[in-house]
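Dropping the structures in below, format is structure tokens.
Below, subunit A partners subunit B and then partners subunit C, in two separate complexes.
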Partner chain A sequence: MELLGYLNYAVYMAIFIGIYAILALALNIQWGFTGLFNAGVAGFFAVGAYTSAILTSAAAEGRLGGYELPVIVGWLASMLAAGAIAWPIGKICLRFRSDYLAIATIGIAEIIRLVIKSEGWLTGGARGISKIPRPFSDFEYLYTQLSYLALVMIALFLVYYMIERQLKAPWGRMMRAIRDNEAAANAMGKNIEARRLQAFVFGSAIMGLGGAMLAHYYRSITPEAIDPMIATFLVWIMLILGGSGNNKGAILGVVVVWIIWSMSEFVTDSLPAEYAIKAKYLRIFIIGLLLQLVLRFRPEGILPETAKSSTSTSDQQTSNNNKGEAEPSPAQSA
Partner chain B sequence: MKLAKILMAGALATTALTTAAMADVKVGLLGGISGPIAAMSPSMIAASKLAIAQVNAQGGVLGGQKLEAILGDSACNPQNGVDAATKLVNVEQIVGLIGPHCSGAVLAVANSVTIPAGVALITPSGTSPEITGLDDGDKVFRTVPSDDYQGRALARTLLAQGTKKVAVAYLNNDYGSGLAGAFKAEFTSKGGEVAGYAAHEEGKASYRSNLAELASGGADTLVIFDYGDGTGLTILRQSLENGFFENFVGGDGMKSEAIIKELGAENLTTFTSSSPVGEASDSNAKFTKAFTEAGGSADAIFATTSYDAAFLMALGVEIAGGDKAKVAAAIASASNGEGEKVEAGEWKKALELIKAGKAIDYQGASGSLDFNAKGDVPGSYALFKVDGDSFSVKTTMK
Partner chain C sequence: MLEVDQLTMSFGGFKAVCDCSFKVQEGTITGLVGPNGAGKTTLFNLVAGAFQPTAGKIRFLGKDVTKLSSDQLFHRGLVRTFQIPHEFHRLTVLENLMMVPPKQAGENLWANWFQPNAVARQEKALREKAWQTLEFLEMTHVASQLAGALSGGQKKLLELGRTMMTDAKLVLLDEPAAGVNRTLLRKLEEKIQILNQQRGYTFILIEHDMEMIEKLCQPVICMAEGTVLIEGDFQKVRQDPRVLEAYLGEVVTHGEA
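Up next is the complex of A and B:
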């Protein structure tokens, strides 16, 4: 019985890590490879989660819904919707550089959150949407979890594989060139604005998928789930800690941060009862401390970006030189 | 790497130790410790812990075993709530869960952890109407009434008083619109007429045009769902000054002493306001005494419901004989209006009754509870009138 419990917990952890890994990979496209400081992950996450929830859930009084489409349609639509929202935002905001873009995207994520909270006819307002179907939810506890894990892993693998392929292709080299030396890339005749927009829309669509997968796992979505703390900054911490610019690093960052976060509760729980409430804050402190230490001693993250270019050594050197100057925020050097 | 291993081993050893040392009956206590309700949750947790301490002091559960509450932190969001609940249910092997504190976390935890795992859940503060409709196999309970309830109860009370035609002004946020929606639905379906129904935004200097519009419907009673120390005060003042309406009824947000201070009791003879009451019962007095002695403030929000949630969980565990699968049904049977009455803190009496095979009807600190088929409680509201410098109960609401 105990063993089954541990297994259930492990499967839950794997599902959660898988979903957040999708978010971290999406952010990696924008920040790690293109240098776009998107501090509005929560906004695209929310668009995806709500789109899929509205399309797949049963009808409810007072809000849009009742289409009861298959879950897979909901997921695809969540990517489309998040991408479609990202397009005009990117069109307007990508002219801003680094920190200005960050401020603009934080603002946009807040707008999306407040629209979701106040437009009850669309999203259920503060009540949120519940009764979102989850595939295989008729099985036993462990088997529903395992089958959902399989879906998450398939999605994660597809996202990972597609991004890796794309990065090895000329497109990936071009993106890194734009990130590291915009003027040179421009001189080579690359359409920088369009490429940036591509990366922004592509990354945001994947964030939408992550949001949808979490909503279907919880079988409910409420405005509390799209709080910037848990849906934006947590993803950033994971990516920076694991190593931005490296997809394996992004996934590793999610694993490390969430395992420390979740399992540290067992340690803090063994403190005397009078500290029980304070001990919960200790976990937030541990994550903060970890981020400080990593930024101080290993700013490139646990698994740093590896230069993948093999066509010319000089190309590689330039990119490395530029990286050296620009870390930990490559976009600012441009 | 080595350090990580040592830490891991340490963590595992401590958990192993704690589990080995105390072969107790565990329940989960999942609160919004960090996050937006951080200020409210310590007294809620203290109230729940008081119930558990009383249970342990008066003989424990299942023939003298200690009931142990394992604390988890939901941070008031689904992500952390599900994480903590998964640990409590699977690793700690709790028999029942008290909490989480916020509606969003309740929905996610119930849907993805406790319902599939077959564990009973009682939330002391999840007020969202969505919780009522959960497909929960009767495993989800709450000791706090749904937001829907107050609006509906107020509608019935007004109709019972003979008020058949009203206008409704509500603040445009989830509090105001939720109450107003429930009120309107109940009022019109029971034969009343809503002659004006309009939302207003916060913080404007004048609402005279809104009020004139509402008054044009011909109602002489204005129902206000707003906050008495904010926009609600302005609305009330301007309709008194201009004589738009004669009678005024407020939701619980309007029961604010700021109104009496600003407008004067002599002008408020036609003003009433609904508000939840921790029914002035013996049970409530017992809780207040015990909680004050333990260093808590019994007026703290959700303190009584948190106490009741924990006490009911203990009753459920005892009646079910510690069988996780039967706890939910046992909780439902422990407060359904039938059986011998047990009040807050009377664990010893409850034990004797259970041993004798008698049915129990728990009278909570927050009211008589009495779960309905959905695991909801009707709650105890009363209509208050202005009396000198404060409010006094005019009539109870049903």
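Up next is the complex of A and C:
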């Protein structure tokens, strides 16, 4: 039975890693490739989670719902809703420079949380929404978990593929150019405001999907789940630690940070009760310390944007034979 | 082709450009000279739509473009370079050039999914064009390097290369010669002349290298304190007492000594 317990725990971890990876990839579109400092991940996450919850759950007294639509419809709707909310927000806020955008988005995420908490007719208020259907939930426990893991991994793969493909296309080149030098990109005919809005909506829609997947996994969602520490800053730490601007780095960052985060929970839980509460704050401290160390000693993250950037002096040998390639393979030197 | 009419730009109380008017004829290479702080680059920023003027009008190809932004002006055929290189530092040199041309199908989110062949065809053409530009600039050996790792002179060349990636009508060059080696400079002058004569580009050139101005520019406009001091051919401008006083003064002292 011991073994089964470990297996269950591994699957549980993997599901979270998959969902957080979706969030980190979404943030990577906004920060890593476009330079938008969105500190309101939790807000778009919440919009996605609640949209899917309302559309798919059974009727409950005192709140909107009872549509009992298929889960897949809920997920697609969560992306649409988060994107639709992001549009007017982006339209107003994207004119700010990065640090002001961060302040504005923190505020917006908080507004979304408070609206969800107080508009009981829509969201169930502080009680939240429960009995959100989870696909395959009539299987045995382990198989339910494994099936959900498979769904999360399929979603992660699709999101990853979609983003990678856009980034390798001229669209990605343009977005990186805008991030590197806005004035020059503007002088080269790129419409900065419209393009930043596009990236903001694109990333936010995927954050909505991440929220929906978590809500269906928990089978319930409450305003407590929209904690900026868990839903915004943890994602930021994962992205920065893993390497913003690199999708593989983002996923690696999620794995590393999530393992540290949940292992530290093990440690604190095994402490005597009087220390356990204090130790909870130690977990946040450890993550913060880790971030400080990474920023000090490896600011570009574990996997930087391209291997080229760290080996740009030794490029003589590759320069003559890549006439046919826009993106030289970074693999050899890594 | 370009008419600047009583243009004024104040930053707080300071008027960087003040009541400045001139015209640029199609097909010319107009030189813009003047002492540091005369307002040359500010004037470029105004013409290129990076700043909105406090007062005055700009007409380009017969239309009022005073309120247009940089990207809108680019699509009308006005391209500029920057005095301090504005390379995209985390893009490769080749990518820096390939991102320039307008109307790229691949910049549309949907086209990458629904018209992949059209995007691929366009990319191939762009890559060839960018490669030709690099060959001309003698920079093919750094094609796959990140632009941020280039030397100062190479960044200036890359700036020029970007203007060659599009079918511009009017090109604003802000000190293209600064930091570029002499041999390459002669080639650069040649290329500017070729673009001017064969492809009909009109240029406005800010430069402190008087040799280059003399060779290429007709007419020359001298600015001082935010406004046009004198306009005419190089010899006339060079010998004007006001220009000597405001800008080339050291030449006179040198001659008398």
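One rule holds in what follows: the second predicted complex is superposed on the first by the 289 of 334 C-alpha atoms of A that agree within 3 Å, B and C clash if a C-alpha of one lies under 4 Å from a C-alpha of the other, contacts with A are read in each partner's own complex, and residues count from 1 in each chain.
Simple rule for what comes next: a contact is a pair of C-beta atoms (placed from the backbone, for glycine too) under 8 Å apart; a residue touches a chain by one contact, two chains touch by 3 or more.
Bear in mind the structure is a predicted one, so any value in this text is a computation, not a measurement.
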* Would you check which partner chain A:Met174 touches, where first means subunit B only, second means subunit C only, and both and neither mean what they say? => second
* To do: Could you look at A:Gly245 and tell me whether it touches subunit B, subunit C, both or neither (first, second, both, neither)?
  => second
* **Partner chain in contact with A:Phe233 - subunit B first, subunit C second, else both or neither** => neither
* Would you check which partner chain A:Ile192 touches, where first means subunit B only, second means subunit C only, and both and neither mean what they say? => second
* **Which superposed partner A:Tyr160 touches (first subunit B, second subunit C, both, neither)** => neither
* To do: For A:Tyr67, decide between first (touching subunit B), second (touching subunit C), both and neither.
  => neither
* Regarding the shared-chain residue A:Phe266, is it in contact with subunit B (first), subunit C (second), both, or neither? -> first
* With the two structures laid over each other on chain A, which partner does A:Gly128 touch: subunit B (first), subunit C (second), both, or neither? -> first
* Touch list for subunit B against partner subunit A, complex -> 8, 10-11, 14-15, 17-18, 33-34, 41-42, 45, 70-73, 75-80, 82-84, 86-87, 89-91, 93, 102-105, 107-108, 111-112, 116-118, 128-130, 133-135, 172-174, 177-178, 181
* **In the complex, subunit A residues that touch subunit C** => 165-166, 169-171, 173-174, 176-177, 179-181, 183-192, 198, 202, 245, 305-306, 308-309, 312-313, 315-316, 318-320, 322-328
* Interfacial residue positions of subunit A with respect to subunit B in the complex -> 1-2, 4-6, 8-9, 12, 16, 62, 117-118, 120, 124-128, 130-131, 134, 137, 140-141, 144-145, 214, 217-220, 222-225, 227, 229-230, 261-267, 269-270, 276-277, 280-281, 283-284
* Show which residues of subunit C lie in contact with subunit A when the two form their complex. => 48, 50, 69-71, 74-75, 79-80, 82, 86-92, 94-96, 98-100, 102, 104-109, 112-113, 119, 122-123, 127, 131, 140-146, 149, 162, 166
